[in-house]
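Report on the structure given below.
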Amino acid sequence: MTRIGLPRLLLAPAFLGFAVIVLPVAGLLGRVDWAGLPALVTSGSALSALGLSLRTAAFSTLLCLLLGGPLALVLARADFRGLRLLRALVLLPLVLPPVVGGLALLYLLGRNGFAGQWLDIAFGVRLPYTTAAVVLAQTFVAMPFLVVSLEGALRTAGQRYEAVAATLGAGRWTVLRRVTIPLLLPGIGSGVVLSFARALGEFGATIAFAGSLEGTTRTLPLEIYLQRESDVDAAVALSLLLVVIAVVVIAVARPRAVEGLR
Amino acid sequence: MSALSSRFRVTRGAFTLDVQLDLEAGEVVAVLGPNGSGKSTLMNLLAGLLRPDSGHLTLGGRDLVDAQPHQRGIGLLAQEPLLFPHLTALANVEFGPRAQRRAGSRETALRWLAEVDAAEFADRRPRQLSGGQAQRVALARALAAEPDLLLLDEPLNALDIDAAPAMRGLLRRVLRAQSRPAIVVTHDALDALVLADRVVVLDAGRIVEQGPSREVLTRPRSAFAARIAGLNLIAGTTVEGGLHSDSGVVIAGRSTAAPGENGVAVFSPSAVAVHRDNPHGSPRNALRVRLAGMEPRGDLVRLRAADGTAADITPAAVAELGLEPGQDVWFVVKATEVGVHAALGRSQGGSWPRD
Amino acid sequence: ACTSAPEQRTVTVFAAASLKESFTELEKSFEGSHPGVDVRISFGGSSDLAQQIVNGAPADVFAAANTSTMDTVAKSDLIDGRSEIFAVNTLRIVVPKGNPKGVKSLADLTKPGTALVLCAPQVPCGAATKQVAAAAKLTFTPVSEEPDVRSVLGKVGAGEADAGLVYVTDVLSAPGKVEGVDFPESADAVNEYPLALLKKSKQAQLAREFAELVRGQAGRDVLARAGFGPP
Amino acid sequence: MTRIGLPRLLLAPAFLGFAVIVLPVAGLLGRVDWAGLPALVTSGSALSALGLSLRTAAFSTLLCLLLGGPLALVLARADFRGLRLLRALVLLPLVLPPVVGGLALLYLLGRNGFAGQWLDIAFGVRLPYTTAAVVLAQTFVAMPFLVVSLEGALRTAGQRYEAVAATLGAGRWTVLRRVTIPLLLPGIGSGVVLSFARALGEFGATIAFAGSLEGTTRTLPLEIYLQRESDVDAAVALSLLLVVIAVVVIAVARPRAVEGLR
Amino acid sequence: MSALSSRFRVTRGAFTLDVQLDLEAGEVVAVLGPNGSGKSTLMNLLAGLLRPDSGHLTLGGRDLVDAQPHQRGIGLLAQEPLLFPHLTALANVEFGPRAQRRAGSRETALRWLAEVDAAEFADRRPRQLSGGQAQRVALARALAAEPDLLLLDEPLNALDIDAAPAMRGLLRRVLRAQSRPAIVVTHDALDALVLADRVVVLDAGRIVEQGPSREVLTRPRSAFAARIAGLNLIAGTTVEGGLHSDSGVVIAGRSTAAPGENGVAVFSPSAVAVHRDNPHGSPRNALRVRLAGMEPRGDLVRLRAADGTAADITPAAVAELGLEPGQDVWFVVKATEVGVHAALGRSQGGSWPRD
């Protein structure tokens, strides 16, 4: 089928929107000290922060998918009293200033925290100042992005094909695996991109909950923030590294399938 | 004990469905009825896609009223094909067997695709299929799932003049070969006759008539059945080129059945010519009957013979021949107007409730 | 000079976030003594503020938390005259209320099992920390090197760290949650707060008067109450 | 139609996901100094910050919709070379640390910035340190959320109904207004919620680009940040105010229609 | 100059469509063909929903080959109803008039809803409609848009035994009343006869046959047309209760047309009984014809009269009656077997190319 054309006039706001996003970043490029860049970018602390960022963000995106995916399904498909409230509560981390979110995690899982004490006694596990804390902080802030965008996609998709699958004798898991998820791929793609990006850029909750120790908890945003104190231009250059990495990862990882099946 | 026992009551907006429907093992029921009479609603209730306000449902002794759709073993070919858009035609057909973890699911799927004459589309996505092709693949998908109860909602829709009879023949073979019951929704009396033991006529959410297919369609009591029927049926045993009727007459016709089977000869009342004397013309079938009744039927007159056979002729012809009830006349019908089909043996004496 | 123009005049002050309490108080008193004048203070990290001024922010007065950020502004030739130090801040050991690990000296911070949180060397308080460590010939192994002093305070206040090094002013700002422990080496690392008038100011006179308030006795009293030392 | 049930086991990760989001926030509640709260929350600076936050976030969400909506349409429906690159570029503000994003805006629109100089000369407009700058900063960081989630929803929805509308003689605008947008409502709902939440919580880009002047640019997150300098507990309490407001606004504003039409 | 002039070539996977189709003002063309022959593809090309690899398209003098779908003034009722799920039935029908900013769009929509007998569903959403009800609303929506060229892809699908003839009648009235051309895709020869001036038979993406409806269906040259047709047609003028044929005979039949119109009498060759002598029975129509040819046709023999009328009888009857070409015999057909329909006048002498 041919695509139905868009009104030409829409190109104007679309272009403006694009400009709002891209022009400032383009402006940054002009400020970069290209000569000093290689040294800066390959410095031990930058590379260690970058590696840590990619690892933790990937891991927390996975967590978001494994926990947030089911949550989105329940919110979109279940039907019980109080569902509307639940749906609003899921938005909490979106509005909480990230630093406060980090404090909340600290109050819960820190050594004086209710859950933290229990974890410590029961398993000898202490979360703060560990890489696991970084992942948790990122998961906390990024999960709502996955949940909300997935829930929207689930509602748009409807349930007709799932009903067909059930009448063919497919159990709930089979329906989920072979019908719901494949049909939802574009939505999952968007959700994963959003939550990965949010996790990668996460700063406030990480600093409050996990601290900032090179190699363990100092992700690239933390490194950039620190760098900024002494050398703003170096910080800008590092951010561009972050941006390039993220865009490459996303462009490569977002499979073609996601870009629209039908 | 019947294989399927069901009773549903559900209200959707201004529409209320209130239906009791039982099927015996292996019985095939055709559901007829005008648009909006509740046929698809009934199918959805049986399949578990719609929850009744009240009712019960048992299939093969299992109580299914609270069962999830996938636990019911009830397959539904819905009114729209709804092929999974992300799967090829083959994968669509394979879906049921795989979901049920049956061995050889791929071979099963390939076989069914071939049965519906769609083997060449195996690797196509649904959006690469025409309407009729998609309908055939959807039929294969429903059949391949081998449910305990098969529901077919207008399965021959959108099929061309070659495909429709072929699929009808396929369905007949499949439904007769198995001991599992099935329900077919259709707007075509021929489907009811060829495929079903019994006909249920729905109107405005209620069963207004039911009974053995040939009985309902020859002696319709509801307006809708009367309109959809318009056919004479004579039961008997098929012979080469015709049917040996239960009353001992041989009726020539175009047979679709092998000789020696239970069968019916089917022809329209409007195909019957009435003569005072045996005309000895090309028409092969001249049945001597006694006129039992005459009734106006639209702009025609329906003559009803004592054995139930009907003939529709114009009032002018009635006048010209001077017909009156009690007379012996010849009902003459060309062999080419008579279809002889195998009948499902069990339809003779069902145990359904008659109102 | 007694014109009847009731026009509203505005002085814009850019001040380091650590000055929030003190400068808010000074703002009130300045506005009290200068009817019709509105003092607007933009608080933020010193380096953010410096960047903004370099990029044309309409500031009349800049009060930074370290001299290096002030230098950034000076290099851009935006300062009217010279910057002057108006307050200093020194480091103090901070421990949770009750001092559960019994920290008494800088050396106690190196004890194993003491969760220590410090400022990262890149930021002013971290640089100061580095100086005292060098002076005391100690090597710290912190569990975290925070990018700002408030994060150190936050972790100790929440009981997640057993000790940290922060400014005197910070210890005073969280009474009831943390306690301070003095140590002699703190004198080796004094953090200086410079203040400058900016060239582009449209209210140079008012700006000068506000700067005088800060540097004057009233200012000193307010700053001293918050824990700042005199220059 | 009945809803097709979800596998029961999914409830476990869904519940866990929900716990990750809600438990920390619940933990915060325990820390709040309820006695001091009313005074804190009704203080002039808090109220002024709250009002500013709500106004700017609402305005920037509108901007996101007006510019980002068309952009999403173009990205989802247009077909030209380089589209994949464009799609990746739109993600830039997602990964850029917000403070760096603010710097980028400052470099572009500040007094020395390329566009800033032009605006100043041509219109006498200076953006930094104005409420407009807050809106711009929020728009910059929030727009990708709208674009990405809308684009996903557009792909899931397909174009069949738009084709029908065109054959009925509906021009592109009519199709957009009467078919595309109504069918997209759940996706628009998700996108608006996400971008509103992101705008409301925005801190880094605002402080870097717009500064922190009470009544003009000091939004609630900035107020919270400042409050933290003097009193962490007060900051936490203020954040809860933010959270409550946001959840209420979202729950009320998200129309029922959005919750699934079919 | 023709109203529509089009030629398309497009390849979709292994399937290639290559079709040239011209319509005159007000002409109605029926497109017949097996499943997958390219009928829907052709409709999508005309509507602008599919871009041809090459071709041209002009409608009413406007060159539309690069025009967007909404600029073409070509309306399409697709094979699936695709009612807008967020609008009521009424708003769906009103969509076209409103999109075109026509005054009184609501009244127009209400009128069309009433025409398709769906007024009672005005406020319902599509998911509250049955399959047949949705199909009727979709038909009303297509008609209310009043396009310059109307394309109907299997418009009578899913309709019940009462609704189908009613909608067929409605379409006939609408299509005849306007001077705008239309194309109807169907699997039913009756639709072609009742609705269309001309029939185009597609097979595997090519036109294998075309011509005036009655001509193609009485003297089919393609296998598919032959199978779909199976009908005798006699042209003439309608009279009360029948048709006065162009050759001067009055044929009695069940008439759907007012007297005095151009019309056709339609009956199946298998409904024709053959007699050596005039039988004077109930059948009202006895036509004296000269046998021109005899050909086997499956298990039957088709007798072809010199005037083209056909009769299908069994070989046994041929033998019994001792039939041979050149004989004069009586073709007898009951009035009830003959349908008399008004024919679209223009169909007599079209100017389309014949291959």
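A few remarks follow.
Read from first to last, the chains carry the letters A, B, C, D and E; within each, the first residue is number 1.
The rule we apply is simple: contacts are C-beta pairs under 8 Å (C-beta built on N, C-alpha and C of every residue); 3 or more make two chains touch, one makes a residue touch a chain.
Here the structure is a predicted model, which is why all the values come from computation and not from measurement.
Using mean Cα coordinates as chain centres, the one most removed from chain B is C.
Across the assembly, the mean Cα position most removed from that of chain E is the one of C. Our note on geometry: chain B versus chain C, Cα centroid distance of 90 Å, whole angstroms.
Each chain gets one centre point, the mean of its Cα atoms, and the points for chain A and chain C are 35 Å apart. Chain geometry summary: the mean Cα position of chain A and that of chain B are 57 Å apart.
Work out the mean CA point of chain C and of chain D, and you get 33 Å between them. Residue positions of chain E touching 2 or more other chains: 48-49, 68-69. Multi-chain contact residues, meaning those touching two or more other chains, occur in chain A at positions 1, 4-5, 103, 107, 163, 165-166, 171-172, 175, 183, 225, 228, 232, 262.
With touch defined as above, residues shared between interfaces to two or more other chains in chain C number as follows: 45, 51, 154. Within the complex, the chain E residues that touch chain D are 47-49, 68-70, 73-76, 78, 82, 84-87, 95-96, 99-100, 127, 141-142, 145, 147. Residues 45, 47, 51, 68, 115, 117, 120, 122-124, 142-147, 151, 154-155, 158-160 of chain C are the ones touching chain A in the complex. Contact residues on chain D toward chain E in their complex (touch as defined above): 160-161, 163-172, 174-175, 178-179, 182-183, 261-262. Interface of chain C with chain D (complex): residues 12, 14, 17-18, 20-21, 40-45, 48, 51-52, 54-58, 150, 153-154, 157, 173-174, 177. Chain D makes touch with chain C in their complex at residues 99, 103, 106-107, 110-113, 116, 126, 128-129, 207-208, 211-214, 216-217, 225-226, 228-232.
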